[in-house]
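Shared between the two complexes below is subunit A, which has subunit B as its partner in the first and subunit C in the second.
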Partner chain A sequence: MANPVPSACCVVLAAVVVVYAQRHSQQDSHIQYERVGADVTMKCGSMDWDAAVTWTANGTDIDDSHLNGSYLILKNVDLTQSGQYSCYEGSSWHLKYQTYLRVGVPPKEPVLMCRSNNYPKGFYCSWHLPSPTYIPNSFNISVIHGTREMVCEKDIFPKNRCHIRYLQLFSTVKYKVTLTVTNALGKNSTTLTFDEFAIVKPDPPESVVAKPVPNNPRRLEVSWQNPSSWPDPESFPLKFFLRYRPLILDQWQHVELSDGTSHTITDAYAGKEYIIQVAAKDNDIGTWSDWSVAVHATPWTEEPKHLTTEVQITGETLTQHKHPALRSPGYGGPQH
Partner chain B sequence: CALRARDSWGIFAFLCAALCNLPAVPALNGTEELGAGQSIQKTYDLTRYLEHQLRTLAGTYLNYLGPPFNEPDFNPPRLARAEQVPSATVDLDLWRGLTDNARLAANYRAYSRLLCYLRGLDGQVGTVELRHRLGHFCSSLQGLVLSIAGVMSSLGYPLPAGPAGPPAPPGAPAAPNDFLKKMDDFWLLKELQTWLWRSAKDFNRLKKKVPPAVVTLRMEARGF
Partner chain C sequence: MAAADTPSATLRHHDLCSRGIRLARKMRSDVSDLLDIYVERQGLDASISVAAVDGVPAAAAERWAEQTGTQRLLDNLAAYRAFRTLLAQMLEEQREQLGDADAELGPALAAVLLQVSAFAYHLEELLELESRGAPTEEGSEPPAPPRLSLFEQKLRGLGVLRELAQWAVRSVRDLRQLAKHGPGSGMALGLLESQ
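Take a look at the complex of A and B:
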């Protein structure tokens, strides 16, 4: 057996090092959270009340008027007073205590939204705080379906979003989603209760294209695609809503289309530029998507014939043809 | 409960009419006039119409039941007794894999059963207006049941023998108290609503999978 004395020494030495390191790290990494408007009293570690100390805030000395003995008093703190506070022994300038003050507020009721843009696969929920707390917050979401608690998988991006896969379809039991936000100063929560069908809202249609129709001055051909997030348009077909107006007018015209991903507008005003948008909805359930990205198009117009000017010069009539290159561009060609 | 006599007669009459008219049909000119496709579309439209009607009816009925049944967030746990009402809830892959026959049969059985239960409400309801609405809805729902039967027969599928499961005894487990009775009514309406949403999807699938040509082929095979 090894000599116990040197082993014991090692153990004691190790213990001393650990304790010293702990105390030191406590001084360095101490964080203190306080509410805006609160009164904060900081003690200089284990120093007596009547010890002579100097406090600094982010390296700058703090005036004695804020001291009560060796305690630092901060009244009615505001956000600008967040920072590192250090306490030094008067004469030796020995660091006795250090803390990081973070001023913030407890969380307000969070805003929660749940939506199924990929029915019947599942749904996602996303949330945010209506106003900042200025300190770190943690979010916890719970989804209850009848008696079963379901796991909402957090998305990496965007943050503050999670998704759930449906295990069953056509459920009569509502889903209850509760979001709790917690920080060092308090907590708050909100709950949403909904039916499977109520939250169905597809993404807007994609690749909307509008083209003039050759030789038809009042027509525009519009085509689009199902949103790529909608997994099964065969069994769960979408219907569409098209709206269009000339740029110069405010009033939209609407067309609802129960199938197909194209439509020809036949009552466009000749020569006017149009703005066109499309929205999608499951044929039977849920709500309309947001409007798609707007596309612009102008109906086909006839190319002007060569202009002729007649000039009479002393009894002779000269006919002059306008040079084709001088015709203004943009007529009759497809708009993008 | 078993289908009432007049429902069976109704179906029988419908089938008779369909069969009797068959020889009179000229060589089909390719239109959907008598195609299964047309009756599937009609059935789909009926489910949408009923869903719309139910929204108004349910609102009125739940108000008649009073709180908490008419509160939008009311989300009670399902009691065992509510299991008697056929549920539309189904596993996604199972639903996708249903054969046309199974899909139609599930709808037929569910609505036959739901119709029975709805008729059970009729006599006890409060206001005349509500009774009238309920009666109108029951007639429309019966039309749906017949329409589904029509689709099944035009596709050559046998009608399911009767409502699935053992028929409830005449003095069917009545709710022991008023609150539980109202709970039963609540779940009945909820299941009806969910079934109508599900049927829209069922008939969408059927529309895509059953072309009118299927009926044409059958007719030719029978030598008409």
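Take a look at the complex of A and C:
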């Protein structure tokens, strides 16, 4: 037969644990949001005004100068005053009230951007707040196309982004996207209106490679790939814009290419290191991508010949062989 | 469909598609310029919204990627035949309103009307190659334009040109799909991942 005494102890112990957990979970879950600059008054639970209490902030006793009776008064609160506030009854030190004070601000108008980098599949919208609120915010986005409300599926990462699949193509009806941000202290919103073509902007070209051309001191061969996010470059071909300059100059040269993913630069300055970038755009609609990652390359140069000097004094004839790098202008392009 | 399968038919198909793409792109550019002129001459705000206009074929397409080549051609042909009529009406209205005083809008409208007619003819050739033949145009007389106020006429004209600009872009895409898949295919073409 089981001994009843240990069982009874377990039951009592369990009950104490439950009560303790409930009390602390209720108090721990209380959060109070206040605006920066506000005056905050905290009551010590159900204690009378004239009860003797002690308040703590994050475990540190609060000076009586902040008390009005048993009420805690915080004037013109700032961000540093966020924390856990607890109120204990006089001499017994029973916890009577606890709250987590979070000082923050209502949200400013959010910044919203929508873009299609995978046309004609769909587009995405992303957003952020221009300044922090210091308290949790929730975002709600609505997308209307004509009379139809469309679903913007939230991305897992980044979390301030969602994407929409196009249900129609070539529509003249504009899309209207409204983002509302809400927190405990207020709300704000912004709206974007645009048509299907205007937001098409591919990602930059990928895998840009630039190589010298053997035996060609003024050429560089550049190749790249369509951005992997562009779903169907065969049906929706991209055109490209290439820019290049020697490192020692500020001015770019530009070339627009209506097809193909390679180009040979034929007017490079001999022996100079170049920086090269490529951008992409749908052939017919939208805007140019950002520039690709920059690549560097130097055109082929002839191996320097062994330095020789022949001086032949034959009347007025004087012949010298100079190092290629010291040759006069006219070889390999303009000097600078 | 035997004619559509020959190498010469394939070459002709490719040639017609390529030329059609060039025509459509030129048309789009000219329609864009015409829109600027139209808005200015008619005293309209370029950003004004215009509701869908009756009788103007909408370029918007659901499940565009799943259309067959033949369907693309038929939709395009019906649209450009309608635009041919609409632009002719606009030209007539413009002449009545502005007469000889307007040296810019009238010629620009006439030029685009010519391109639309040429493009419609081009589409008919493509359909012939598909061995489908172009459908006949219903009725010998175009429908009479609706009776509208002057302002309503201007807005309608704006709607027509905007939709035509959209069609020009769509036509480039349609012809690319056609070129990609060759002549004589009535199967579902241009299957992208489902939209």
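Just so it is clear, the second predicted complex is superposed on the first by the 280 of 336 C-alpha atoms of A that agree within 3 Å, B and C clash if a C-alpha of one lies under 4 Å from a C-alpha of the other, contacts with A are read in each partner's own complex, and residues count from 1 in each chain.
The definition used in the following text is that a contact is a pair of C-beta atoms (placed from the backbone, for glycine too) under 8 Å apart; a residue touches a chain by one contact, two chains touch by 3 or more.
It should be emphasised that the depicted structure is a prediction, and the values quoted were computed from it without experimental measurement.
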Overlay on subunit A: subunit C relative to subunit B, clash or fit: clash
Which of subunit B and subunit C A:Y166 touches, first, second, both or neither: both
Which of subunit B and subunit C A:T147 touches, first, second, both or neither: first
Touching partner for A:D284 - first (subunit B), second (subunit C), both, neither: both
Contacts of A:P231 with subunit B and subunit C, given as first, second, both or neither: second
First (subunit B), second (subunit C), both or neither touched by A:Y71: neither
Touching partner for A:K176 - first (subunit B), second (subunit C), both, neither: first
Which superposed partner A:Y100 touches (first subunit B, second subunit C, both, neither): neither
Set of subunit A residues, in rising order, touched by both subunit B and subunit C: 120, 166-174, 197, 234-237, 283-285
Subunit B to subunit A touching residues, read off their complex: 48, 51, 73, 75, 77-78, 87-92, 95-96, 187, 190-191, 193-195, 197-198, 200-201, 204-205, 208
Touch list for subunit C against partner subunit A, complex: 25, 28, 49, 58-62, 64-65, 162-163, 166-167, 169-170, 172-173, 176-177, 180, 190, 192-193, 195
Complex contacts: residues of subunit A adjacent to subunit C: 120-122, 165-174, 197, 231-232, 234-237, 283-285
Touching residues (chain side subunit A, partner subunit B) in the complex: 120, 146-147, 166-174, 176, 193, 197, 234-237, 283-285
